[in-house]
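Worksheet: one structure, shown below.
Here the chain labels run A, B, C and D in written order, and each chain numbers its own residues starting at 1.
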Amino acid sequence: MKGLLERLKEGPVVGDGSMCMTLEKRGYCRAGQWTPEAVLEYPDAVKQLLREYLRAGADVLQTPCYASSDGRLKRGRITYKTAEINEAACDLAYEVAQEGDALVCGGITPVLSYLQNKGEEAIREEFNGQLDVFIKRRNNVDFILGEFFGHIEELEICVDVMKKAKMPIACTMRIGALGDLNGVSVEECAVRMAKTGADLIGLNCLFDLNATLKTLKRMKNALDAEGITTPLMCQPLGFMCPEVEHTTNGYSGLPENPLAQDPRQVTRFEVHKFAREAYNLGARYIGGCCGMEPHHIRAIAQELAPERNRNPPVQDMCPPCGLLDRSSISTIQKKVDMEFWMKVKPGSGRPYNPPCVKVAHVNRF
Amino acid sequence: MKGLLERLKEGPVVGDGSMCMTLEKRGYCRAGQWTPEAVLEYPDAVKQLLREYLRAGADVLQTPCYASSDGRLKRGRITYKTAEINEAACDLAYEVAQEGDALVCGGITPVLSYLQNKGEEAIREEFNGQLDVFIKRRNNVDFILGEFFGHIEELEICVDVMKKAKMPIACTMRIGALGDLNGVSVEECAVRMAKTGADLIGLNCLFDLNATLKTLKRMKNALDAEGITTPLMCQPLGFMCPEVEHTTNGYSGLPENPLAQDPRQVTRFEVHKFAREAYNLGARYIGGCCGMEPHHIRAIAQELAPERNRNPPVQDMCPPCGLLDRSSISTIQKKVDMEFWMKVKPGSGRPYNPPCVKVAHVNRF
Amino acid sequence: MKGLLERLKEGPVVGDGSMCMTLEKRGYCRAGQWTPEAVLEYPDAVKQLLREYLRAGADVLQTPCYASSDGRLKRGRITYKTAEINEAACDLAYEVAQEGDALVCGGITPVLSYLQNKGEEAIREEFNGQLDVFIKRRNNVDFILGEFFGHIEELEICVDVMKKAKMPIACTMRIGALGDLNGVSVEECAVRMAKTGADLIGLNCLFDLNATLKTLKRMKNALDAEGITTPLMCQPLGFMCPEVEHTTNGYSGLPENPLAQDPRQVTRFEVHKFAREAYNLGARYIGGCCGMEPHHIRAIAQELAPERNRNPPVQDMCPPCGLLDRSSISTIQKKVDMEFWMKVKPGSGRPYNPPCVKVAHVNRF
Amino acid sequence: MKGLLERLKEGPVVGDGSMCMTLEKRGYCRAGQWTPEAVLEYPDAVKQLLREYLRAGADVLQTPCYASSDGRLKRGRITYKTAEINEAACDLAYEVAQEGDALVCGGITPVLSYLQNKGEEAIREEFNGQLDVFIKRRNNVDFILGEFFGHIEELEICVDVMKKAKMPIACTMRIGALGDLNGVSVEECAVRMAKTGADLIGLNCLFDLNATLKTLKRMKNALDAEGITTPLMCQPLGFMCPEVEHTTNGYSGLPENPLAQDPRQVTRFEVHKFAREAYNLGARYIGGCCGMEPHHIRAIAQELAPERNRNPPVQDMCPPCGLLDRSSISTIQKKVDMEFWMKVKPGSGRPYNPPCVKVAHVNRF
């Protein structure tokens, strides 16, 4: 099976999507804590969701263990240990990945030690606690990803720790127009991420499709200016939230976050457009974060099928525009091509709601 | 275990939610055909969704076999037979229902013979083909439901056929403000449904929460005027679509239907409000149709917990407002009570889209 | 000069527009009272507005004396008498009409005696008080109009009183989908209005362009069914307010009424569309009520120029699309034809406001 | 009578509002050309509008001669000369100003010579052509204003020319977030405007209330940083257009500009909020540009009445919330205080339109 670096050379890689936020809707995760103990308590429900991403065309299944660092588990009042969660997460991801042709990505989470200023040694130790399982299960893990960093400084330490795994390394930041939480610009973050030596760098979470494209473009320009060619990745939100583009806390500042964001959910066609534009901007690993569900990941895989020379496994059952010619309703039968769907501007059906809301500005997580 | 009629006497019964439209997003159903062969091809994925409804608090799991009549399967180019689909649907629903305390409801679909004017005998035969499996598996089926009728005339024949099963009978129509597809008013439909002798009558699909409440109110008034006390049920859409309130084809007339309705998705709090108002209007069986996903069904069960003297199984993990006091973000920690959430007017995040769209008017399916 | 009836035969007649609500913005009328004493206190400002309607293409200048009945003046704490206001209103309208080719229409207002159930004699007397001036100045008044009736019963009395003037008679009601304030249907109102013997019947105020078209259509159908050919008139609001379509108090139920309705103001192109559709539905006298300002009346005259064989006096200066080819901005230079403008969907520029608002339902004025 | 500088010391000065765009709606100006020949052709209509601003509380009446430079008149196909237009404009403004306590401000327009790179001498000559009349009528002109500059460089030349008039000098630029049309930042523009020696500096046109506040704040910060205390003025648009905040062409890039902007019209209460915030940011001369009509200027004067120790002349007739307690409608009677009105979020009444639209980006006028 081809590894990450080989795949990146051949064409765009499709990542997987939303875990905790989707599992919460399905009844397997606690909103507020967003901790990953479902891998131990409801492995079948987690595997089902991973399987849906696999069928949707994901090349990668990430170990579903976000927030599995000792500090975050403790804050979330979870008594399981990082190691047992990460082990279970590895097993589930590997098991489902074997049902298809997907890689397993070991996920690393920012650590409380950094926020609490416990010093570099403590920070490294908390990263090591997450990483050790992936090293132990190295036969089942294809590459590792440090994600959702708000501070380039912490990311740099993390990548340094990750190097001992001797696997391909990816890393992403949760930054938007304002740069990192210490005020480091998008451009500087991009260059410093690349200079860690990571194989893949980019963005995840907090911002929507449009904002992510804008930040990605700035990153690309900054890297180009330095002659850096590290490939870019992005895993944006599955929710539209232009209001927060110029904040650091992103969608978590919306009044609707996290329980009433349904009307902001992106459509598969908005994702098609995004995937195409992200690819054009140079992104070579495109997936999703909170709110990007299986039909959205499918849209990425289908949009980039020409560049990837393959369709997602679910293609026959769920082609990009469905099988609407088989509908019994004449007006629906006609909606058979992308041209129609790419032009549709979906309504919210809520004329008594404002499309945008005032947001809370919070500067730190 | 208590049966349907006994439960209806004790308090409101919670139905389950969206099947085909949710399975399509997960990659297990064909948009356009919306046929139920997943029960044979992907039983685990179907069971997983049923299980989510069970955990969300549904008292009833409907056999996932909508469109499983010989005519509709043929039109959908499906070679499986009604009998084999319905058998599998029974088995899956029964198996999951045993994991909790749920009833199994055998679902009957309107028939093409009626639309094609093949005469009452052919109509009865097509209904019988669906019903036979439920009779055969009568130990595993608690009641039967004829749903999504556009014509009261056809419903009347269906209920007459259903009587031979000697089980409690429910029936619903897909009607809105304009009444049935032959122009029979909402009020007359209500009275005629009740006069079939069905134990539970009501509405499903095509219209949104608000439109369903309005139609329900007219039904209730008409029944009251005749001194009829048959309890009411409703399983509305999980999409907001005020534009179609005064059409007969409902949400199928939206340009966005069926593939780009995500921004119309209801929030759990909109469902709380709906469930309360539906109950106040006299509805005693409240569930959902297309687009009503597990977190929405959970909202019904949680809103009506006082009347039902019980919470859904998933209550500890997913209380109505999550466990947001455990969030690491201070603004989110405060969103701990329903008062906050019931006031939030969620935005669509799409200021460049109109909230409402012009709809296609189609008068027949 | 041709009279009203002759003009109606030749083609559609264009009425004038908003008086009190526009004068309030200009600083010459009291919001809340909406009384017409400006004709005495600020005659030049009133004449200027009348002149603008004349230049915009109005065939008719209505005496600006709405609310000039003894009851309403008293309620509005105005000490001027009906007679002195109506005389001044006649003089101003006549003076400006002479600057062009316009008719003067004497306007009659519903009376408080009716609302206060003072009996038919008192009602007739209050109407007579308004009418007398128009009879006295009959050389300067071309026809009379009883407008803004909420009750067909009161309108019938008014028209009966008006007959003694021996002038052409027009009358309008402020009704929408729900019919009059006693529950008389739109259809019955239409037929009864016609049966008073009035020469011109129709609708004014309270409802927007779209709602007025719907009510007009029902009126036309009802008249057609009776073989009645009385021509129709309409003078709708210049504000969009779909929320109030199914109320009796119309736009006065909006929270924004009367001081913050600016974003609801119709565009000239929305008026073009309305004028065309109203004409197609059979309206032969088309003008405006509150919020319909000179550029809107101009749009009516310009839209119906082919049917009227003439353009408004202001045509050279203000053709339908301006003289945009003379703009210094290249993108604006291109906006020279109606096709462009009729397609533009103007935004509100307020993504943080809902387009529709909850309305107060008041059943009586 | 107190002059400009004296008034600025005593409290905030209220400017007047929209001329050409309002006169076009009234039928006295050509859309596209926006030239000021109405002062010669329709002096009464122009005086009426000036009078409305005076009554609304304007301290200043600007000579209505925008675009009256030889270059612009020629481009607009107007054969009148700058001198005759400016003379008439002076006379009208002075005549109306005498009806109250207002100052006359002589307005100077950017010149085509600058855009056409004709060299500084030609530029100075074109400014002189405008200025000469004001010098000649110096007894009737209280101060002079160079406005709507897109380039700080041109403004600097203009102010230098203006100095020979030996009157107080004001100047404004039409800049937003992106700074001037040569890319000079807002901050630098502010400092350079002040360093011309002008007595009053600021912003006018192109951007809406919110965008103007943001730019004003940046200007104030830049001036503070340099220890500069020149008072600030602003005369923003009367249309909401957040879409153009990050463009240089402002509202002229809207598809709706200039003929279908009605739904973007600000409300008087939006102006109250703006006036308060502008004052708090340090603005000491607050008026309006295109779309700011008499009721909006009134809102500025009423909002700042405490700081000005006086109300507008029209106060008794048109207090801030009208005289709604005298309404005959009970729900309206209650809307008597500002608290209600400042909270109202007016709807557009257009649920089928998007609130925001895609804009054309044009970099030069």
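Keep in mind that, in the parts below, contacts are C-beta pairs under 8 Å (C-beta built on N, C-alpha and C of every residue); 3 or more make two chains touch, one makes a residue touch a chain.
Everything quoted here is computed from the prediction, not taken from an experiment.
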Hey, what chains does chain B share as contacts with chain C?
A, D
Of C-D and B-D, whichever chain pair has more C-beta contact pairs:
C-D
Furthest chain, CA centroid comparison against chain C
A
Approximate Å spacing (C-alpha centroids) for the pair chain A, chain D:
49
Using CA atom averages as chain centres, what separation in Å is found between chain C and chain D?
33
What whole-number Å value describes the gap between the mean CA coordinates of chain B and chain D?
59
What parts of chain D, by residue number, touch at least two of the other chains?
345, 350-357
Within the complex, which stretch of chain D touches chain A?
345, 351, 354-355
Name, in rising order, each residue of chain D that touches chain B in their complex.
350-358
Contact set on chain A toward chain B in their complex
24-33, 44-45, 48, 51-52, 55-56, 75-77, 208, 239-243, 249, 252-269, 293-295, 298, 314, 317-318, 321-332, 335, 341, 344-357, 360, 362, 365
